[in-house]
Every structure is written in structure tokens, then in C-alpha cells.
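Each of the two complexes below includes chain A, the first together with chain B, the second together with chain C.
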Partner chain A sequence: MTQDAPALEAFVARAGGQGAALAETGLPTRRVEAWRYTPLRTIAETAWQKAASLSSETVGALLDALPLPETGARVVYGNGQLLSALSALPEAVQQASENVSPLKGVFSATLNAALGAKGLDIRVPAGTDAGLLTLVSLCDGQDVSTHLQHRIVLEEGASLTLYDVGAGEGRYIANPRFDIVVGKGATLRHVKLQRESLSATHLAIVSVDVAEKSEYDSFTLNQGGSLARHEAVVTLGAAHAIAHVNGVQIVDGQRLNDLTSMIHHAAPDGSSRQTVKTVLSDAGQGVFQGKILVDRVAQKTDGYQMNQALLLSEKAQINSKPELEIYADDVKCSHGATVGALDDEQLFYLRSRGVPEAEARDILVRAFLIDALDLVTHEGLRDLLLRSITS
Partner chain B sequence: MPAVTETRETVEKLAKSSYEWGFETDIEMDIAPKGLNEETVRLISERKGEPQWMLDWRLKAFRAWLEMEEPTWAHIHHPPIDYQDAHYFAQPKKKPGPKSLDEVDPELLRTYAKLGIPLHEQALLAGVEGAEERLPVAVDAVFDSVSVATTFRKTLAEAGVIFCPISDAIREHPELVQKYLGTVVPVADNFFGALNSAVFTDGSFVYIPEGVRCPMELSTYFRINARNTGQFERTLIIAEDRATVSYLEGCTAPQRDENQLHAAVVELIAMEDASIKYSTVQNWYPGDDEGRGGIYNFVTKRGICRGARSKISWTQVETGSAITWKYPSCVLAGEGSVGEFYSVAVTNNHQQADTGTKMIHLAPNTRSTIIAKTISAGKSDSTYRGLVRMQPKARNARNFTQCDSLLIGDQCGAHTVPYIESRNMTARVEHEATTSKISEDQLFYCRSRGLSEEDAVGLIVNGFCREVLKELPMEFAVEAQKLLQISLEGSVG
Partner chain C sequence: MSDFLKIQGLQARIDADGTPKDILKGLDLEVPKGEIHAIMGPNGSGKSTLSYVLAGRDDYEVTGGSATFKGQDLLALDPEERAALGLFLAFQSPVELPGVNNANFLRTAVNAVRRARGEAELDAVAFLKAVRAETKHLSMSDDMLKRAVNVGFSGGEKKRNEVLQMRLLQPSFAILDETDSGLDIDALRIVAEGVNSLRSPDFSALVITHHQRLLDYIVPDRVHVMAHGRIIHSGGPDIAKTLEKQGYTQFLEAAA
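Take a look at the complex of A and B:
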């Protein structure tokens, strides 16, 4: 623990009475198992300050650069503040006023709990389909940080598609927390586009409770940030719950992108699917840590996890840790992982048919990623993510 | 009756039957007082008649150990170990060599008989004069801490092979020991490795000179015998250019009521085109059905493929011990070198196993294969923990990993924790893992063809482990199957 780091001092000072837990844990070092591949020393030396309000010009410019849907409701936050003029909730959605639940032992959540500012707090009433909601969180500043706390509750049989976009300019920390409850028979589609500034640090933590016969279907495109971790803790707390925790990471330059997840089967007959693909070029670093935990009571669990990395340059590196922890015997759980470069034979095939080398490579990388992108069930959003990758 | 119900009943039945090979031999011992400090280290070194450099090496390890903390990352739980509450040295009292088997301590012979050692081999082991005759297997029995006798030393010596207790090697071949000891597992490598370096009392030393194919399988029976003596074995195997050796390590242990710490270190060094095959069948006392009294097995095993095209292959069948903490690893430093790890780990009752391997690819065109089969029954917990690392120079390196877990009963756990780290784009890593129970379809298929429930399950489980068992040398395959029967067959059928 680096107790004396300026970052920690600044955070704790800003947190006031809320900072005790943060002061106690400190910034995780590489010796902390969950952070062994994602060193936070890059943020330790900066005294991160509260971000100031954004001008409407800045907001406009940032929004223009993003692949956003034409339809559906949109809520925009700028440097941690709700921009009411640009925001409207879907009609069917109710404003709620609940606090996010505590989540212990996860650094991103501890940091968020200490400094958290109220974000989205909504409830989708029973039996309603609230359609598409786009949530844009923008940041612009130097050595500032935002810590939005969102809470989303879907009542019985409700459904919602959440398009969750993070982007910005400058050197900042975006540390959003999502606390999600998917009620009985409800469906939440959570499609995330992480396109933070290339100097930014993104530490997102999503915790989801999935109820009986309900579904949490998520996809994360990790594409920006100097250091970006998307962490999901998904609990299948009742029978026949379904979770999809898919993602794609595209890492270049000196950047590090990290997808960490814990899928906790705490009830019988649950099913979880996870496909994560990472493409690495330059000196990019990719991290995947995916754990499937199956409790003793979670009989008949069906868990599958696939994690693949494609290395396109000599200096790129991938660290992958797919993990199974299983206490029930009547289960079917498997995971697979592959790491490698583009297949020479496939390249040769394309080249021999007259496709130039660069184009042939593009085709193969695209083919590698499309496999995963096809898992985005909302067609419009899938196209937007594809556009984001192609740009 | 459904297979699972029957299985559970059989597990319970089995758990109640006491450990078949648990027996204790009462032989006069020369025991050091309890406790661990620099004096203990000096005493061990002095009793073994070691040169100054060896003592210095031990002290360096001991001082490093004092600064280290016991690791907590493994998926195991046990009451804290009091390192001061153990004897660190026990040696059978020396007697003049017996003239025939009649003069040998009957207790010792009884132990050999229970180990299944043939009579003429017993004579060799007991040091009976004129008993040497050529046999296909050389046995170096470690009878608590000190090798009572080593067979076939002469025969092997004719081939130029050195196979002796490491304490003899320290005296007789100091230049070799000094050159290689601690080069694969440095004194301060890890907590248990450092402890071993400070207080190891015996173990085996094998040296295969250039171009020599070792004329026989080398084998060591490890035994833990006296009460409250920690067993700290140290094994060092060196295969020079184009040398080949197959080494077998097998263990059974007497029943006892106190947990007993075992922290062995094994180092393998393979030079150019050399090949080392290291096979283990481990069946130490796992504790009673409440999990009390079993052996704590904290082992560091590591080999380095130093030369080009060298090969190190680890095969293990782990059925015993209350706790197993063991990661036989390969450092692939020679171009085109090969590392292999084949493992069957069976846990039952309250046993805990956290085992796996590390494959560190340093050089181009290196290859590694990991096949790990985990079977958990009763209230046990079993973890595969492995690391595959491709360093920047590991061009065109390959790894294939397969981890399969079988759960028997709903009170056990099976876990898979692989770490995959690649820093070379041309390196290729493939990993797959599955966890399941015995398929009802397969059971039904076998049953419908007239196999009894027990035979059917036995067949399926045997098939599950086949990829690993076939890697064992013939001499060991039989023993391994016997052990699987004892610890596994009963629990699944």
C-alpha cells in the first residue's frame, strides 16, 4: 500500500468523513492480486481535484465526436454534473432516490464510495419496456476526477437498453459506479463504449443483481484511456438467471485496457456466457481477469467463458487470468483462452488472391472482432460500436 | 440407486476405513531437540559433516527465511504452523553392517515388506553384505532424513552415473553440488524453499554425464517415520549434454495424529539435448475423516532446460496429504527446449490440494504441454494454479494447456486459476478447462452393457486420467493405479 501517495492524500482530504475506508485500503499496489497486471502507480503522484463545470462549447464538441444513436432518450453528464438542458429520461422511466449499495473489497468501488456524486437514479416500472437510454459521461480537465454513482432498478418483467458512453479530453480520472438490480423476468441490455481521452484513467465498477428468470446482457468496448479498467460483479441470485458479460478491447500506443469480471452463481439453474476479445498493437497492454464462482447451492449451472487475444506487434503484451471456482458438482463450466498472432496461412490465402498485405491484415482483425461484436443484440448499437472500432 | 447416492455412501464407508498403508516403525533415533534457530542449522550441518561453504549457504537461506512471510495466496486453510514445535533432525542410530537379513532390525524389514519391496532388494537396502545384484530399478530409500542404504551405486557408477544421498554428494562431489545447488531454486526463492535450504537433512543427488543414457530407472521411496520430525528433502538432478534419465519418487507414510510439515525442494538441470523425466506418486497420510493429522506437503519443484533441445517432463499422481502445495515448473531457457506437466490430483474427505505448474518460456521455439486432471470428492478442495509466460525472446513458442476437473458429491470444490502472460506476438498459447461431474449418459451407456455401477465409474474415471497415467513409467503405472483405487475408486462407485 502506498499510503503516502499525493493522490491518496488528495482523495482522502476531498472525501472528508467518507474517506476512512479509502484511507485504510490505500491505492492498491501490484502485490494486490486483483491489480497485479494493472499498476495504479500512474495516478499515485497526482493530487486529483474536483472537476469544474464544462462550457457548452466543450460539451458540444465532445458529443459531436461520438458515435451516438439518433433515437431514444439521452442523459448527459459533464465533469460529474448533470447537464439538464441536454438530458431527458425515457417516458416510462421513473426518477428514484436511493443510494447505491456498498461493495466491499473492490478498490474502484471504495474510491467511488468516498467521493461519489449522485448520478442516474432510475426505476423502470413492472412490465414496461423503457426502450433505449443513452448515458453520456464527459470529462474535460487537467488532474481532475469524477466519481458518478448510478443506480438502475428494473422491476418485474421490465426491460431497458442502456448505452453507456464515456469520453473526454485531458488528463483525468473517470470512476463511475453502476448499481443495477434486474428484477424477476426483467431484461437489461447494457452496451458500453469506453472512449476516454488517451491520457485519462477509467476505473468503472458495475455491480448487478440478477433475479429469477431475468437477464443481464452486457457488452463493453474498451477502446480509450491511458489506463482503463471495466470491472463487473454480476450476481445470479435466483434460479434461472442469465448473464452475458462480453467485450472487446482495442489497445494501441502505450495504453493499458483491462476487463475484469466476477460472475457469481449463487442460485441453481443459472447460465452465464462470456466472450472477450483483445487486439493489441504498438506497446499496448491488455488484461483480462474473469472469474466464475459457483456456490454449493448453484446446481445445474451452465457457465462458459472464452477469452482470446491477438498480438499485432512485438512490444504488445497480454495478461489473462480466466478463473473457475466451483463448489457444486452438477454443473457444466468451461473456459478457453488463446493468445497468438495473425495466422500466416490465412494471410497467405488472402495475399494469394490479390489482397494487399495491409488490407488482408485488416480483414483478419475485423473477422476476429466481428465474432464478439455479433453478440451485441441491439442492432443499432452494434453498428455504432463497429463504427467506433473502424474509426 | 442413483450413482451419486451410492458414491456418497461409498465415500463415507471409505472414509471410515483407516489408512491402509499407515504404519509406524519403531527404530532407535538420534533426534535433535525441538526448535529452529541458527544453532539448529549449525547442528544439522555439523552432524552431516558438511564443509564450511555448505554451512554458510544454509545460514544464508535461514537468514533469508527469517525475513520472509508464509504465503497466503493458495486456496488452502490450516491452523498456523509453529515452526519451533518440531524436530529438524532425526537419524537412525548407526550399527555395524549386518551379515544377513536375519541380523537386520525386524522393524525395518517389516516396513520394507509393507512398502512392497522384494526380499533381495530389502537385503540391499538394509546394507546386507554381498547382496548386490543387477536389477532394473535402483532404489534410494530415505528412511527419515538419512538414506539408510543406496542400491546399485556401483552398477550406476560403471555407467558414470552418480546416484547417492545428497549428503554424500556434498562430501564426495562438492564441486558439482556447489556448482548447481540453488541455481534453479535460489535460497530465498520462497518461504518453504528457504526453510528447506536451511534445514534439509537428506535427499537424492543424480548426475548423468555427457552422452549417457541412465541404464535403469532411478527410484526413491520417501518415508516419514519418527514422530514430530519435519521432513526436508533436497533433490538435485543434473543431466549433461545428450544425457537421459528417468527418476521415480514414491511415497507412503505412517499414520500419526499430529500434522506434519514436509517442505521438499527438487531441482532439475537439463543441458543440451538432455532429457529428464521426473515421476511422482504421492500418497502421504491425508488425515482422518475429520481431516486431522494429515501431512502438510509444501513442495518446490523446478527444472531448467538450459541447453538447446533439452526436455523436462513432470508427471505426478497426487492422492495423499492433508494439504498439497506444489507447482513443478519448467524454465525453458534453451532454444527449442520442451517442458511437460502431467498431473492427476485426487482429494477426498477434508484434503486440500493447490497444485499446478509454471512454464516460463525464455527462448525461441520452446514448447510446453500441461495436462492437469483434478478429482474432488468428499469435503475436499482442489485447485489447479498455473502460469504460462512467454517472454519477449520466445519467438514461435507454443503452449497447450488442458485442465479438467471432476466433482464427486456436492460438498467438494474444484477450482482453476490459470495465468497467461504473453510478451511475444509469435508465441501461441492455448488453454482450455472444464469442470463437470461424471456424465449420466456415459454411466448409463456402461451400465446398459452390463458393467456394475462401480466398474462403470472406475472405467470412466480411468479414462478421465488416462492421458496422465500413460505418461508414467511402467514400474509406477501399477502403483499409481493401486493408489487411485484406494483413494478414488471407492469414492466414485
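Take a look at the complex of A and C:
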């Protein structure tokens, strides 16, 4: 625990009365199974402080560098504070004020609960299509941390597309939490672009309750941060619920990107789909941890999980941990994992047609990713993610 | 210009599960400008290895000899540089490229070669016009342009796609590696016509085949017989007919 001291002390001090749970668990060490491949020692020795307000110049420069849609509503946070002048909710969306009980036993959630600042708290009324909402969370600073808490509720038959973008400059921790309820027959598309500063740590936790005949359709592009974990805990709590937890990770340099998920089938006739592809170069490290838990009552569950990694260098590393825990006896669950390099024969074919080697490699990497990216159902957002990958 | 493609004493090996295996064992061959030559030979004689070595595939190790094209040391060039110089290999079994749209691939290749040759790149409209003209010529459906490269293509479609690339890249030297294998007679005619249409004083080709049949449609200026990694006999187009009737035995015995 001595290693934790500076970070943990600072967090607990900042948390005041809210810090007891955090003080008790401390920062996870490598002995904690969930963090075995994603060691947090890089954050342990810094006394992370509350971030100061951002200047409008900084915000403007950070926004300009991001692939953002030209249409739809936008809400912008800078260093954990709502920037009202740049923010407007979709007309159909209502402000809400919900009480949230955070997930237990998930470090990112515990940290967020101790230090959380209010973020989005919205409700999409029954039967309403609220369109596209872009949520941009910017950070800039040295040894600072932000812990936004977002709450999104879709009432019966409502729909919303959330484009969730995280970016910044400097050395900071971004630790956002989303608590999402997708009501009966409702649809939430959650498209995330993680492009934090290359010195930053990103620890996101998304917890979703998917109701009867409703759908949570998510895609995460993990592309930035020195260490970045996106963790999703999705509960299909009523019959015929659907969850898509897809993603792509692009890891270069010495960076580590991590997609961790728990899909909990707690009711019959649910369906979950997960395709995660990771491209690693240099000494990049990738982590995929995907658990599918099927309760006894969750008969006729249809679960699919595929994770594939493309290693472009000998020093790159992928740690892949699929887990299926099934208690029902009438289910269809399949999973697969592949790790490979670029195919020499394909590379030679392209080069023999005059395509220079670097361009040929790019073409094949893009080809590897394209069927995952095609799972982004919002065409405009898919194009923005493609642009993010190729820029 | 007699030294268009000139191969002297070429030796090459491949690593076969850790043991080097010599495949080309001192091969000599010259193909002058404007001529079409055929290479025939039994399985395992090294015909495909020759085509890969000339195109620059790096799992073959060249252990001796030389190959020059247009006076340049071919073996010192990257595959893409060989393509820019005008060399084209039509593969025997072209690889599939899932996730790579055929039309985009063709345009990327055409423009890469044009760039390397100092020509202006084709924009989308100009390219589409050029490619449509060619697909019509080759009786290819537009659907094949929309699909991923070679994915789900029949044997004949793959070969036509190779010929389409050849027509678009306008090489000055084409190697056709058993392009006739697996083709019905109509497809064979179309492929042969694709090659014949490129015939000019500035275009040469090396047609590698098992069968005399293709040479009825692409009439070569010379035929070479290959065995055990070398050219063991060369002559006029009538050699092909002799081979068809009598097999390789007499040539193999004469060379032994």
C-alpha cells in the first residue's frame, strides 16, 4: 500500500466524507485479477488534484482537433465543469435529478463515487426520438483528475444516439461514469471516441440496464491515452433485451488500451453481440476482457463474442481473456479469439500491383478493422470514427 | 533491343520447414521486346517459383545468377518498383483480400503505378470510365467491382480479375502463371484475347502453362521446356504440339 500512498492519500483527502470505500479498497495492484493486465502503478505515485477551469482558447483548440458532427446537439465539459456557453441539449431531452447507487467492486466506479462531479443528468420522454447528442469531455492540466457522473434514462419507446468523446492535453486522469437505463422498447446508440492525451489515464465505467425489448447498441474506439480502460457492465434484466458491446482499439508507442466488459443475461430471450478488434504496433499493449454471464432463468439467450488482434510488431502484446459463465441449459453462446500478423501473401499481392509497402499495410489494417467499424449503425458517426483512425 | 528480360544462371531456394530446398538451378532465359514466350514443364519443375522470383516475393532466396529487365537489376528492386517498371504477374491462385473493395483496390494500384511512372493520377470518374470499358471487354459484371478483392470469386472470375488488372496497369512485360488452369473454353478465349490485345512491339509476355490448349489462342514466338529448375530445351511454337502428343520424356532424356 505504500506505493499507493500519494495518489490514494490525495484522493481520499479530496473526497472528504465520501472517501471511505476508496480508502478501504485502495488502488488495485496486479494481484487483483481484473487489473492484472492493466497495472495502475503509473498513477499511484502522483497526488492528483482537482483540475482548474479551462480557458476558452484551450477549449477552442481542443475542439478544433476533434472529429465532431456538424449537426445535432452538443454538450461540452472542460476539466469536469459544464461549459454552458457551448452546450445545449436536444429539444426533446429533459433535465432530471436522479439518485444513483454506484456499482460495487469495480475500481473505476469506486473512484468516481468518491470524487464524482455532476455531469449529464437527462431523461428522454416516452416515445420520443431525441436524435443525436454529442458529449465532449475535455481535460488539460498536469497531475489533475476529473470524475464526471452521467445519468441517462430512456423512457419507454424513446431513442437517442450519444456520441461520447474524450480528449485533452497534458497528464491527467479522466474517470467518467455513465449510469444508463434503457426503458422498455427504447434504443440507445452509444458511440464513443476515446482520444485522450498520450500522457493521460482514462478509466471509464459504463453501467447499463437494458429493459424488455430494448436495445443498447454501443461501439468504443479506444485510440488515445497512455493507459485507457473502457469498462462496460451491461445487464439484460428483462426478456428480449439486446446489447451490442463492440469496439476497436488502436495501440502504438508504449501505450496500453483496454476494453473490459461484463454482459449479464438475467432474463430469457436476450441477445448480446460483441466484436472487438485491436491493432497493435511498436510496444503497444492491448487488453480485452469480456465476460458473459447467463443466469439460470435466462433461457434462449443468444450470445456472441469475437475478439481479434493484429500485431504489427514483435514488441506489441495483446492479453485477451474471454469468459463464459452459463447457468441456463438452453442457450446459444459462441465466442472466438484470434491473434495474427499481416498476411505476407496479401502484402505481396498488393505490392506486386505497384502499391508501396506502407500504403499496402494501411490498406490491410483498414480491411481488418472494417467489419467491426461497419457495426456503427449511425453512418455519420461511422465516418467520423474512420476519419479519426486514418488521421 | 535483345536484353529486354535477361536471366542468367538464376538459382533460388525456399525454406522448407527449416531445410533449404533448391528450386531454380541455373536458369537461362531471354525474352526480347515485343515477343511472347511460353514456358511448359512438368509439375515441380520450378515454373511458379520463377514467376515469384521475378515479381519479387521474398520467401525465395536468390542464391546465384542474375535477372535484368530493361537493363536494370530486377532482383535489387522491391515488388512495387518492379510493377512501376512495367512488370506484371498474373497469379495462378490470386489471394483473397477480405475488407478491401475491388474497385478501390484497382484504383489504388493504377494510381500508385501512374504516380511512380510520373503520370497524372486518375480521378474517380476517369477511373470508373476506364474500368467499365475493360470489364465490358472481359464480360465481367459490375458486381465484381463492388465486392472484396477475389472474395467469393469463382476460379474463372479470379482469372478475369487478374487480366483486368493487367489491362489497367498496362505493363510492358506480363508473366501469366497458369492463367488457363480451371478455365472453361469461353473464359480461356476471353483471357487470351486480353493478352493478345496488349500485343505490340513494346509488350512482351511469358506464358507459363501446362497445356498446349492456351497456346492455340495465344500463339507464342518461342516455347521453352523447363525441368528440374532449368530451361532444358527451346524452340518454335510447334514444340508445344510435340509435348502434347509425346509428353516431356524425350526432352527429359535428351537433357539427362
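We adopt the following convention: the second predicted complex is superposed on the first by the 387 of 391 C-alpha atoms of A that agree within 3 Å, B and C clash if a C-alpha of one lies under 4 Å from a C-alpha of the other, contacts with A are read in each partner's own complex, and residues count from 1 in each chain.
Quick note on the criterion: a residue touches a chain if its C-beta (ideal position, glycine included) is under 8 Å from a C-beta of that chain, and two chains touch if they have at least 3 such contacts.
Predicted model only: the values in this text are computed from it and were never measured.
> Report for A:Leu311: first if it touches chain B alone, second if chain C alone, otherwise both or neither.
First partner only, chain B.
> Would you check which partner chain A:Val355 touches, where first means chain B only, second means chain C only, and both and neither mean what they say?
It touches chain C, and chain B stays clear.
> Which partner, once the models are overlaid, touches more of chain A's residues, chain C or chain B?
Looking at chain A, the partner in contact with more of its residues is B.
> On the A-aligned overlay, A:Glu325 touches which partner chain: chain B = first, chain C = second, or both, or neither?
A:Glu325: touches chain B, not chain C.
> Looking at the overlay, what does A:Asp371 touch: chain B (first), chain C (second), both, or neither?
In the superposed model, A:Asp371 contacts chain C only, not chain B.
> If you stack the two complexes on chain A, which partner ends up touching A:Ala44: first (chain B), second (chain C), both, or neither?
A:Ala44 sits against neither chain B nor chain C.
> Which of the two partners, first being chain B and second being chain C, lies in contact with A:Leu68: first, second, both, or neither?
In the superposed model, A:Leu68 contacts neither chain B nor chain C.
> Touch test for A:Arg296: chain B only (first), chain C only (second), both, or neither?
The answer is first: A:Arg296 touches chain B but not chain C.
> Between chain B and chain C, whom does A:Gln346 touch in the aligned arrangement: first, second, both, or neither?
Only chain C is touched by A:Gln346; chain B is not.
> Which residues of chain A touch chain C in the complex?
343-346, 348-357, 359-360, 363-364, 366-371
> Please output the residues of chain C touching chain A within their complex, sorted ascending.
It comes out as residues 55-59, 78-80, 82-84, 88-89, 91, 94-95, 97-100, 105, 108-109, 112-113, 116, 148, 165, 169.
> Within their complex, state which residues of chain B touch chain A.
Where chain B meets chain A, its residues are 4, 73, 75, 390, 392, 405, 407-437.
> Could you list, by residue number, the parts of chain A that touch chain B in their complex?
Listed in rising order, the residues are 33, 296, 299, 309, 311-314, 316-341.
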